[in-house]
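Given below, in the form of structure tokens, are the structures.
The following pair of complexes shares a single chain, chain A, combined with chain B in the former and chain C in the latter.
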Partner chain A sequence: MDLKEKLVTSFLALENRVNVDSPIHDIRSEAMKVFENLGFPSKKDEAWKYTALNTILKHDYSVFPKQENAIEYKNVKKYFIHDIDTYNIVFIDGKYSSHLSQTTHDGIDVCLMSAALNKPKYRLVIENYFNKVASKESITSLNTAFAQEGAYIHIPKNKVVEKPIQVLYFSTGSEEALIHQPRSLVVVDENSHVQIIERHQSLTDNPVLTNSVTEIFANKRAIVDYYKVQNDNQNASLIDNTFINQKRESHVSVHTFSFGGKLIRNNLNFYQNGERIDSTLKGITIIGEKQHVDHNTLVHHIEPNCESHQDYKGIFGDRSTGVFNGKVLVNKEAQKTNAFQANNNILLDDKASINTKPQLEIFADDVKCSHGCTIGQLDESAMFYLKSRGIPQKEAKALLMYAFANNVLESVKIPEMKQRINKIIAHKLGVNIGFDL
Partner chain B sequence: MLKINDLRASVEDKGILKGINLEVKAGEVHAIMGPNGSGKSTLAAVVAGKEEYEVTGGNILLEGQDIEELAPEERAHKGVFLSFQYPVEIPGVSVTNFMKTAINESRKAKGLNDMPANEMLKLIREKAELLEIDRKFLSRSLNQGFSGGEKKRNEIFQMAMLEPKLAILDETDSGLDIDALRIVANGVNKLKSNDNAVIVITHYQRLLDYIVPDFVHVLYDGKIVKSGGKELAHELEEKGYDWIKEEVNA
Partner chain C sequence: MSKYTEDDLREELKTKEYEYGFYTDIESETFPIGLNEGVVRAISKKKEEPQWMTDWRLEAFRVWQEMEEPDWANVHYTKPDFQAISYYSAPNSKPKYDSIDEVDPELLATFEKLGISLDEQKKLAGVAMDVVVDSVSVATTFKKTLAEKGIIFMSISEAIREYPELVKKYLGTVVPQKDNFYAALNSAVFSDGSFCYIPKGVRCPMELSTYFRINQAGTGQFERTLVIADEGSYVSYLEGCTAPSRDENQLHAAVVELIALDDAEIKYSTVQNWYPGNAEGKGGVFNFVTKRGLCEANAKISWTQVETGSAVTWKYPSCVLKGDNSVGEFYSIAVTNNYQQADTGTKMIHLGKNTKSTIISKGISAGKSQNSYRGLVQISSRADNARNFSQCDSLLMGNECGAHTFPYIEAKNKSAIIEHEATTSKIGEDQIFYCNQRGIDTEKAIALIVNGFSKEVLNKLPMEFAVEAQKLLEISLEGSVG
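Let's look at the complex of A and B:
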């Protein structure tokens, strides 16, 4: 049975377990029809031209894990930003882990999607926001069909949430292969501010496929800073779908740090529904071996006087492959738009490759839009400079790569987060150079 | 200290150094002058080990050891320092962290442990003072947004930190105003001792008023065509290089 058939059958099993007589289930059934109809995307689809899913779809994934698994905090502590106080929403093999989590209902809701989907007190928020910005294409629809669990974060107006919120998904490897479909909703009301860190982490080498969907609503003057840490094991793959709806004067930034995993596809979509909105999309990708990372971004400028800033840096070694496909769409009404996009890449080996494609569709006539992509090697004269100071090849290379990616880190607002990313980079580059990168 | 015998080097099959002979003893200052394109910067880069140049003949002995097979970092560990004409910008790495890395890598190569943090700080402070460098400057990203003068001063600061046996200053005077020139020259003079040597590469005699050479060499078309004392620099300043070209071509 191929994965699609298996998912169709699993959906029938799901229908035996959940309340099918609910508006949520109507949305699920509708989404399942879309997926049944379209199936998984293939290289024939323009948006998937450089990312082939067939190698990761061939495993016999379990859709619902057979048992609940527990893990001890000390064994996974290193995956948390643990040197500061945070809220934590933690899942183990898709199931909520209360003993690793720290949720709250004190003035804000930092809790579970399963609760929000089922309890009457969340009904209004779910009605207003759930599945309202997520796309209706096949892979997102597949997630919608199985939407049950994930993070639910609702910040009412005028709240500055002091502690960052960490959302962590662990896979224990108790199943030979496992497909996860977490579904999260973040609603940030007027004048509120929240910082969120998301990470998917597999604890063994058993294959894992995560198809994650997160919807984020930033209402008037809200500020949302979202960090995605992608440093998973070599058999873990991730299709990460994020949809962001911004209202006027809101600021949303998403930083994506892609250092590990077998295949990563980031679908990151911003919709600017209001004036004077600011959207920031930044990423650092450092991969090697036969890893693959694909950043597929969309910024839709719908109204006037808004800005978007995209800055993605990629370093590709061995036979790794990268894709950057950045689409900026400026509506006719969206005058005075400032949209910037940069994608800079370094190829360390002859067999590494990157496909980069800026895609600008501009229908307004008074806008500032720029894009630039570069593909290069490490600068030989810079290498010579460092080596002439006594710094060996490997360390010199690491310093230059770090310098290359550095400006993406400048906008990271949580110092401990920045430190953590620096450490992962140093580890990734295999260096210990006398100071923390 | 340094002995260069009939050194020939080329880049992409184009001969640039065509038989250089030069001996620099400990305690000496040598100036190398010459018109543009004569091979001055190439000579500096070849001694420091830049890989894109191919040495096609002759040898370079540092304290009697042939260094041709050594990588640039290994030459640095043996005490060779090159002050760059165009220092490279390294965003996100502060001057202090860069120096820590450079010093500790050199120590590692010599089988020593990292320099203790307080000792490092003391050394940095002492050498920064020597070059009249502000403490704030040390936490800035290496060379990023530095003025021409700041870059050169920072090069000499690195030299002060690394205490090389042989320092080659490649057009350290270009882009410097008179005050910066004085500070840089003063730094070099204070670092000079009977145990180290300096090669100053310059177009102009101006720097040599401050760093007084024991010998002046004129490099032209890949060869040293004339050597003399410091008065040769004055003669060149006055008469230019044409008379030397004529002599050579005659």
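Let's look at the complex of A and C:
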């Protein structure tokens, strides 16, 4: 039985466990129909030209884990940003872990999707926002069909959330192979400000496939900073779909740090529904072995006077492959748009490859849109300069690579987060330098 | 004097009719419409082709029947009905003329309207012309001078008869019959085209030039061009097109193959001005062209194109950089107006070591047109030290048009250096203001700016041709190019 069939049958099983009379279930059934029709995307789809899913779809994934698992905090502490106080929403094999989490309902809601979907007090928010910006393509629909659990974050008007929110997904490997489908919703009302960190972590070598969907709504003048840390092991794959709907004068930034995993696909979509919006999309990718990272971004400029900034840096070693597929779409009404897109890559080995496709589709005349894309190597003369000053080859190389990626890190607003990323980069590059100068 | 604004310009562009829209009445021998194996055989017979050529055409035709028309390009149009086209049309005043006086006077008048009278051309700058009117070559000049150097420059049907070995060896090696839908169609039914062979170490003393012209109502034009530059040779080849006004869509599916052997250099320039349709987007030529060049070691191929016409353009002159140290270049200006749609760009396939490629693409969209750049830069894993630089700039005039960029970059070698940049903008108010301030009126200022925008590419055209290119740019953006 292939995975698609299995998911279709599992959906019938799901219908026995959830309330089929709720309006949510109509959305689920609708989405399941879409997925049944379209199936998994193949390389024939233009958006998946460079990323083949068949290697990760061949496993016999369990759709619902059989048992609940617990893990000790001390074993997973290193995956948290633990040196500062944060709200935590933690899931183990897709199930909420109350003893690792720290949620709140005090003025803001930092809790669970399952609660939000089922409790009447959240009904209005769910009706207004749930599945409103997520696309209707097959992978996202598959997630919608199984949407049950994930993070639910609602920040009402005029609130500055004083500490970051961490959302962590652990898989314990108690199943042979597991497919996760977390579904999250973030609603940030007028003038509010929130910082969110998301991480998926597999704790064993058993194959895991995560198909995650996050919808983010930034209302008037809201500020949202979202960080994605992807440093998983060699058998974990991630398809991350993020949809962001921005209202006027809001600022949303998403930083994606991809350092590992078998296959990572990031679908990041921004829709600017208002004037004077600012969107930032940044990413650092440093991978090796046979890893594959694909960044697929869309910024849709719908109204005038908005800006978007994209900056993706990639360093590819061994037999890894990188893909960047960025699209900027400017509607005819979106005059005075300022859109910038950059994608710079370094190939370290001959077996590594990079496919990049930065696209501009522009229908308005009074705009400033540009994109730049480079593929190259480390500067020989810079290497020589460092080596002539007594810095060993390996460290010199690491320093240059760090410098190459650095301007993505500059806009990270949580200092501890930055330190953590620095550490991971040092680890990835196999050097023991702090980088925190 | 009232102020001439960008709006006035737009208005003028909208109402501007195709200047060269006239129709020459020459009795021609035209096949009935429709396409089947019989038609393919008939074309081949008509051209007195040897058996291998007929077989080659039939093979292509059979492949074509299995293929589907591509729809990935960013253009929208009603697909042509291939059974409603006549696949052969030849001017009746055959056989060949020895001198220009024998040529049908009406035909000569046509050329005069285009400003390319043969006499003048002969005297001017030593340009040899292989003039193609509706698929059959009617005049070839300067053949003697070329023959002294051993250069073969003739229509491809003549070449098939006179130099079958050369044609057999190279035809379809760069663009195989089954390469794509339109290339397969062309391979099956191509009526004529040019053939050019430059022997070893010869530098062609003059610019070789061909004018293509669609003339007969309802006949598609399927040109086939094959240029071979043998080791160490050099040739500069020019191609220019204008077509008369016609209401139904005309199909143009040409194939151009360039082969640059070791140390050879080919420079291929095109000025394309097929009828773009009227201001409502009615009529116009469909231009679906496959152009590709193959570079052996140390060879260089340079494509320069000025695209101003056609209702729908679908064209990607490409370079396969097979040999070490080979160089590919692509310089393009694409202007679209009214309801024109262009999806054009290039492919640079780096296979050899130390290969270099440069892409400069300038798109200007006005009216309700859509202008796309689509390009591929591919570095194979053995192409050490490959280098590419791409620049795609778009200029938008008015907010009903669109400019799109779809660059594909695939690198599989760590020593590759690739740079790509693209910008989209409109003519800045401050730029206009600066010019106005200095007593340059708005019309002139726009002309100046557009000219400056496209200069980089115009400069790459051979001198004699640049004049023509400027003239054709004027037709598309009349009033804006000085």
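As a working rule, the second predicted complex is superposed on the first by the 432 of 437 C-alpha atoms of A that agree within 3 Å, B and C clash if a C-alpha of one lies under 4 Å from a C-alpha of the other, contacts with A are read in each partner's own complex, and residues count from 1 in each chain.
We adopt the following convention: a contact is a pair of C-beta atoms (placed from the backbone, for glycine too) under 8 Å apart; a residue touches a chain by one contact, two chains touch by 3 or more.
Bear in mind that the values here come from a model prediction, so they are computed numbers and not experimental data.
K.L.:
Once the shared chain is lined up, is A:Leu348 touching chain B (first), chain C (second), both, or neither of them?
P.N.:
In the superposition, A:Leu348 contacts chain C only.
K.L.:
Hey, is it chain B or chain C that touches more of chain A?
P.N.:
Comparing chain B with chain C, the partner touching more chain A residues is C.
K.L.:
Thinking of the overlay built on chain A, is A:Arg276 touched by chain B (first), by chain C (second), by both, or by neither?
P.N.:
neither
K.L.:
Answer with first, second, both or neither: which of chain B and chain C does A:Lys6 touch in the superposed model?
P.N.:
After superposing on A, A:Lys6 lies clear of both chain B and chain C.
K.L.:
Based on the superposed arrangement, let me know which partner A:Lys290 touches: chain B (first), chain C (second), both, or neither?
P.N.:
After superposition on chain A, A:Lys290 lies in contact with neither partner.
K.L.:
Using the touch definition from the top, say if A:Lys95 reaches chain B (first), chain C (second), both or neither.
P.N.:
In the superposed model, A:Lys95 contacts neither chain B nor chain C.
K.L.:
Would you check which partner chain A:Ile362 touches, where first means chain B only, second means chain C only, and both and neither mean what they say?
P.N.:
Only chain C; A:Ile362 stays clear of chain B.
K.L.:
I'd like to know which partner A:His82 touches here: chain B for first, chain C for second, both or neither.
P.N.:
It touches nothing on chain B or chain C.
K.L.:
Quick one: classify A:Arg319 as touching chain B (first), chain C (second), both or neither.
P.N.:
Once the two structures are laid over each other on A, A:Arg319 reaches no partner at all.
K.L.:
Could you please specify the touching residues of chain B with respect to chain A in the complex?
P.N.:
Where chain B meets chain A, its residues are 45, 48-52, 71-73, 75-77, 80-82, 84, 87-93, 97-98, 100-106, 109, 114, 158, 162.
K.L.:
Quick check: in the complex, which residue numbers of chain A touch chain C?
P.N.:
Going through chain A, the ones touching chain C are 46, 332, 335, 345, 347-377.
K.L.:
Can you check the complex and tell me which residues of chain A touch chain B?
P.N.:
Contact set of chain A toward chain B: 379-382, 384-393, 395-396, 399-400, 402-403, 406-407, 409, 433-435.
K.L.:
Write out the stretch or stretches of chain C touching chain A in their complex.
P.N.:
Of all residues in chain C, those touching chain A are 72, 379, 381, 394, 396-426.
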